[in-house]
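Before we start, here is the structure in question, set down as C-alpha cells.
Letters A, B, C and D name the chains as they come in the text, with residue numbers starting at 1 for each one.
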Amino acid sequence: MRKYLTKKAIIYLITFFFAVTIDWVIPRFMPGNPIHFLISRFATLPEAVKVIQSYFTQAFGLDKPLHEQYLNFWRALFRGDLGISIYLYPQPVAKVIARSLPYTLIVLLPAVLLSFAVGNRLGAFVAKKRKLDNFALPIFYTLTAAPYFWFGILLAWLLGVVFRLFPIAGAYSFAMTPSFSWRFIVNFLYHWVLPFSSLFLVMLGGWAIGMRNMIIYELEANYSRYLESLGASQSLIRRYAYRNAILPQVTGLAIQLGTVVAGSLTTEIVFSYPGIGYILMQGILNQDYFLIQGCFLFIILGVLIANFLIDIFYVIIDPRIRKSYTGEV
Amino acid sequence: MSFLVVQNLTKEYPLGLLGKEKLKAVDDVSFEIERSKIVSLIGESGSGKTTIGKLVLRLLKPTSGRIVFDGKDVFSLRKEELRDYYRRVQGVFQDPFSSFNPIYKIDRVFDMVFEEFLPEVKASERKARIEQVLVSVGLNPSQILGKYPHQLSGGQLQRILIARILLLDVELLVADEIISMLDASTRVDVLNLLGDLKKRGMSVIFITHDLSLGYYISDEALIMYRGSIVEMGDTEKVFRNPVHPYTRMLLESVPEVGKKWDLRERFTPELIGGDSASCKYYDRCPIRERHCRTAHLQMVEVEENHKVLCLKAGA
Amino acid sequence: MTRKEFAYFFLRNKKVIFAMCVLGFLTFLAVVGPYISPYKDPLAFVGLGYQPPSKQHWLGTNTFGQDIFTQLVHGLRTSLFVGLVGGSLATVIGLLIGFVAGYRGGWIDELLMMFTNILMVIPTLALLIIIAAYLPYRGIFIQSLIIGFTAWPWTARAVRAQALSLKTREFVDLARITARRPLKIIFGEIMPNMMSYVFMVFILQFGGAILAATGLDFIGLGPTRGMSLGIMLQQATLWNAIQLGMWWWAITPGAVITLIVATLYIMNTGLDEIFNPKLREM
Amino acid sequence: MRDALLTVRDLKIYYRTLYGYVKAVDGVAFELRDGEVLGIAGESGCGKSTLGNGLVLLKPPMKYVGGEAILDGKNIMALSQKEIKRIRYEKISIIPQYAMDALNPTKKIRQIVDDLLREHNSSFEEKRELIEERLAIVNLSKKVLNMYPIELSGGMKQRLVMVISTLMNPDVLVADEITSALDVSTQRSVVQMLYEMKEKKAMKSIIFITHDLAVLYQIADRIMVMYAGKVAEIGPTEEMVRNPLHPYTKMLLASLPKIGVRFVNERLKGIPGYPPNLLNIGPGCRFRERCPKAFAKCEQDPPIFDLNGRKVSCWLFERGDER
C-alpha cells in the first residue's frame, strides 16, 4: 500500500517538474520568439519603456546561458517569486494570485463535493426503473455536454435578468468592503449562488451518467447475483453495488479535476467573480505573461495536490489496493 | 535420433513491483520426441505444461536452455528458416472460439496458410485441397465454408484447425488442451483424429490436465508438477506402476465410472506451501524424509523407459 | 457480431438514430448555411444593433448590427472543423501510443504510460492557455493541432487496455505460428477488432475538442481571424449581451454547442448498447 | 420410499431472444427425495444449469413459461417477491458455477456473512459456532473471516461459498458445476467435503449438476440425464451405469475414456452429429437425428415411461422393455 502511494507521489513530482519546464520553455522557444516581440512592442510606449525593458531582460535573464536561466527560474519559484504583474504593476504575481485563490476555492470546492455526492445518488436512483432512466438520461447528457461558462450565462440570464432573483456580477456588491459582518456574508452568499449552481449542475450530469452505467455493471456482477440467490433484499444488493460503483467514480473525479478547474475559471469570467479565472482573463487581455504563467503554475499545483489527496482517499476506501499492491500507475 | 530435443529448458516470470522475486513456470525440463509418437504432458494448472507448448511454438522466449529441432536450435532460427520450421511444426489451442478472429469468416485460416506457405498453389487448386482436408476430419465443406466462427460449434472449429494442419505436411503438432472445451460426445472423435495423424507419421505433444485422456491417446507420458517433470516414460508403465507420490495421488483422485471413492475418509492433499525445499512436492508428500528437503534431485531410471524424480525411487 | 446483426441493431437503436438525424442537420446547416444566409460576411455591419430575431435577421443582430445567424453558421463550421481535426488527431495519437504501449509491453509500456499519466493530470485548458497565449498568429488549424496534441491521453489508456486484451487472444498466436509478419498481424488481426471501439472513442474526442476550443475562444485565445461559436460567446459576455436583454446573442451559440456535444454522447451510449448487450437489456 | 422434498412437473423455462424463444428447459419432471443426492448430467446446452439456477433465481432473459416446482407445499416458480425471498437460503440454496467470483471484493467475509444472515433475521454472532464448525470441514481457518476475498485463492473462495450457502441448513442445495473448474486433486476433496457436510445435516438433499458422469458416479444416489432441454433418463446410479436404457446414455457412457482403455487397442466412439438448436424447436424426440435406433415414431414427443422406478423418455420402451 505504501509502495502504491510512493509510486503515485513520484508521478506527481515528475508531472510538476514537467509542467514547470513547459512553463519555462514555451515563452523562450515559441515561434516568432514572443519575448523579443513583447519587448519591441512595449518599447514604443515612452513612459514605461526603461522599467519594462530592464525588467524583462532581468526577469527572463536573456543574457545568461539557457541552463542558468532555467536554474534561476526554479530558484525564484521556490522563493515564491513569480515575477511582477504587468497589468497590476508593481504588485507581485504571487500576491495577486493569493488574493484571488480563496474566491475560486469557495465556489469550486463545494460545487465539486456536492455535485459528486448528489450526482452519484441520483445516478444510482435513476438506474432503478427504465421509465425514470429514459426520462432522466437526456437531461443528464445535456447538463454534462454544456460548456461550463455557457450554462453560467444561461442561469445568469434566466435567474438574473429575466426573474431578477440573483445578482450576476462580482463576489459582493460594490458598496461593501470585505469583512466578517453578518450583512457582508449574506450579500456574499447572495452573489455566490449563481456561479456555484452553474458549476454544480453541469458537474452533476457527469457524475450521474457515470454512476448510472457503473451501477448497472455492478448489479450484473456475480456477487450481486449470488446475494439475490440467497434471498437478499434489493436494498442490500444496491448498497453493495453502489459501494463498488463509487470507487471508479473517485478515480474519475481525479481525472476530471483538470477539466473541472478549467470550467470554474471560465465560469468566473461570466460572473466577473474575482477568482483565479478572472485575473487569468485580465492577464490574457493585457498580455501580462507573468500573471498567465503564475496562474498556470497555481492551477497545476492545485490539481496535483488534489489528485494526490484523492489517491490517498481512494486507497483508504478500496481494500483491493490496500491488501495487495496490484494498482496500476 | 529423435527429431525434437528439449534440453534444460527454463522460463521465469518476474513477480512483484521490481520483479525481484521470480516465478519458475518451467524449471530445467529435458525430454525428447521421436517421429510418429504421441507424447502427453500431464499436469494440473500452474504445472508449466502450456508454457512448454508455447516455447516449442516459439511464442515465448526461454530464460535458459535449448530446443533442438532437426539439429538446429529453434530460438536461433531467422526469417526463412523460421518459416520452414512453422511448415513442419504447428499448434492447435485450447479455446476454439478464441482461435478464430471473430470478424472474419473461418475460410481465412486456410487462406493464411496458402498465402504464407503455399503461394504457388492456384486458387482453384486451393479450394479443392481445403474441401479434401475438411472431409478427412469428418466435416461437410458445404456446411462449414463461408460461415463466421460464432455460427459453428466448438467441435467443428477444433476440427477445422486440425484440417488446417493437414494442408501442410506437418511433422510435429502441439495440441494444448484442445478437447477440454468440447462436450464428451465430440471429445473422443477429435482424440481419434490425433491418433490417425500419428498413424500418418506425425508426432504430437498432447497437453492435458485429464489423466484418462492422456492414458487413452499417448505412447509416452510426462507428469509435471510446478514447472518440473516428476515422472516420465512409457504411458502403460507410468500409469500401471506409478512411483512418484504425486502421480499416485493424481491417479487416486481421478473419478472413474465403476470405481467408487470412499467418501468417508478425509482427502486433503491441497496445502500449497513455499517451494524452498529442493523437492517441490515436499510439503504435500506422504512419504517424505528429512533429506528430501535439501538433497539434490535427479531422474532415477526405475525400469526401462520409466524415470522418476524422487530420492526414494531408487530404493 | 456480423455486419447483418450490426445493421439490425443499428437501425433499431433510438439513441443512434436520433443522434444521426441531429448531427446530419447540423452538418447540413454548417455546409449550406453561409450560402442561404442573406448576408455573406459574418463580421459585416448589416443592420441596426440590438434587433431581436425577425424576418430579415433570423436570429437578430448584436450590439454592432452584425447578423447573428450568419455568424452562427460560420461559427458552426469552425467548431465542427476543430472537432473533426482536433478529435481525429487526438484519436490517432492516442491509438498509436496506446497500441504500442499495450502490444509491445515491457519498459516501453511503462515509459509511455508514465508520460500519458503526466499529461492526463495536467488540466488541458491550462496547457492550451500557455501555448495559445504565446502564439502570435492563431488559425483554427493551429488551434485544432494544439487541442489534438493535448487531448489524447485518456484515448491512449483506453486503447492500451484493448490492445492488452486482444494481444493474448489465441487467434494472434495462430497468426504468429503461420509465420505472419508482425505488421500484418497488427493491421490484419488486432486493429480491425478495435475499430468499433476506436470509432466510439473518436466520437467522444470530437465532442471534447469542440468544448476545449470553445473554452479557449471564450477566454480570448481563439483564432485571431474568422468566427467561432466560442468567440461569439466571448464577445456576448464582453459586451454584456444578457444584461442588455440580447439573449439571442449569448444563448443560441452555447445551445448549439451543447446540442452537438450532447448528441455525440447519446450516440456513444447507443453504440455502446449495440456492442455490449448487457446495457441493452437494461 | 422417502417422501419427496421437491416435486417438479412439466417445468418450462425459456430464454427470450430477438429471434424467438430458446426452449432451454422444455417440460422437465422429476422428484428430489429427502436426504438424496440427485445428479443431473448432460452436455453443454442441455438445460441443466438453466434448470438449477431457474429453481433458485429466475431473472431475465430467463422466462418461466409453465409447469410447477413444489417445495414445502408451494410452487416456488409462482411465488411473490416477498415469499420467494424467504424461501431462498432457508429452504433452497445454491453453490453457483461462478462460486470463485461470488463474494463482494470490497467487503470482509465476516461482513458479507453477517449482512446475508440479517436478511433472514439471524446474525453472524448467532451462528458463530456453526460457521467455525463448517469452516473446519472445508479445511479453512477462522482467520479467513477477517480477510477480504481478494486475499483468498480461487479454491478457498469456492469452499467458503460452500459454507455460506448452507448456513441456514436449506432443504435443497443446488450445486452447479462446482467441480468443473478444479484440478483433479482438489476436485476429489471438494466432493468429499460436500458429502461430509451432508452427513452433518448442512442440507437435506442436493441437486448436483455436472457434465462429468465420472464425478456423479462418486456422489449421486440417482442420476438424471438431460438432452436438449428434456429429460432423457432418470435412475439409480449403479443401475444407470451398468445397464443404461436411453440410447443417448448408452453412447455417452461408451464415449468416456477410462484408465485402462487405450487408442492403440480399442477405439472409443463419440456421438456423431450435434445437439439441435433449441430456438423455436419443434416436436419429436430431440435425439432422433443422432440416434442409431431412431424410427418413425420418434417424430412425436416421447412421454416419460416408468419402468418400476426407472424413468426413460424413448419410444423404444413403449411396451415396458426395449423393443
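Keep this in mind: a residue touches a chain if its C-beta (ideal position, glycine included) is under 8 Å from a C-beta of that chain, and two chains touch if they have at least 3 such contacts.
Predicted, not measured: the structure shown is a model, and the values here were computed from it.
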| item | value |
| --- | --- |
| Central chain (by mean CA position) | C |
| Furthest chain, CA centroid comparison against chain D | A |
| Pair joined by the larger number of C-beta contacts - B-D, A-C | A-C |
| Distance between the centres, which are taken as Cα means, of chain D and chain B, whole angstrom | 32 |
| Centre distance in Å when chain A and chain C are each reduced to the mean of their C-alpha atoms | 21 |
| Gap in Å, rounded to a whole number, between the CA centres of chain D and chain A | 55 |
| Inter-centroid spacing, chain D versus chain C (mean Cα positions, whole Å) | 52 |
| Chain A residues within the chain D interface of the complex | 222-223, 225-233, 236, 240, 243-244, 247, 318-320, 323-324 |
| In the complex, chain D residues that touch chain A | 53, 56-57, 59, 84-90, 93-94, 96, 98, 101-108, 115-116, 119-120, 148, 150-151, 161, 164-165 |
| Footprint of chain C on chain B - complex, ascending | 54, 57-59, 82-83, 86, 90-91, 93-95, 98-103, 109, 112-113, 116-117, 148, 161 |
| In the complex, chain B residues that touch chain D | 44-45, 153, 155-156, 183-189, 191-192, 195, 209-213, 215-217, 219, 235-236, 239, 249-258, 260-261, 263-270 |
| Touching residues (chain side chain C, partner chain A) in the complex | 113-114, 117-118, 120-127, 129-131, 133-137, 154, 207, 211, 214-215, 218-221, 233, 236-237, 242-243, 245, 247, 250-251, 253-255, 257-262, 264-266, 269, 278-279, 282 |
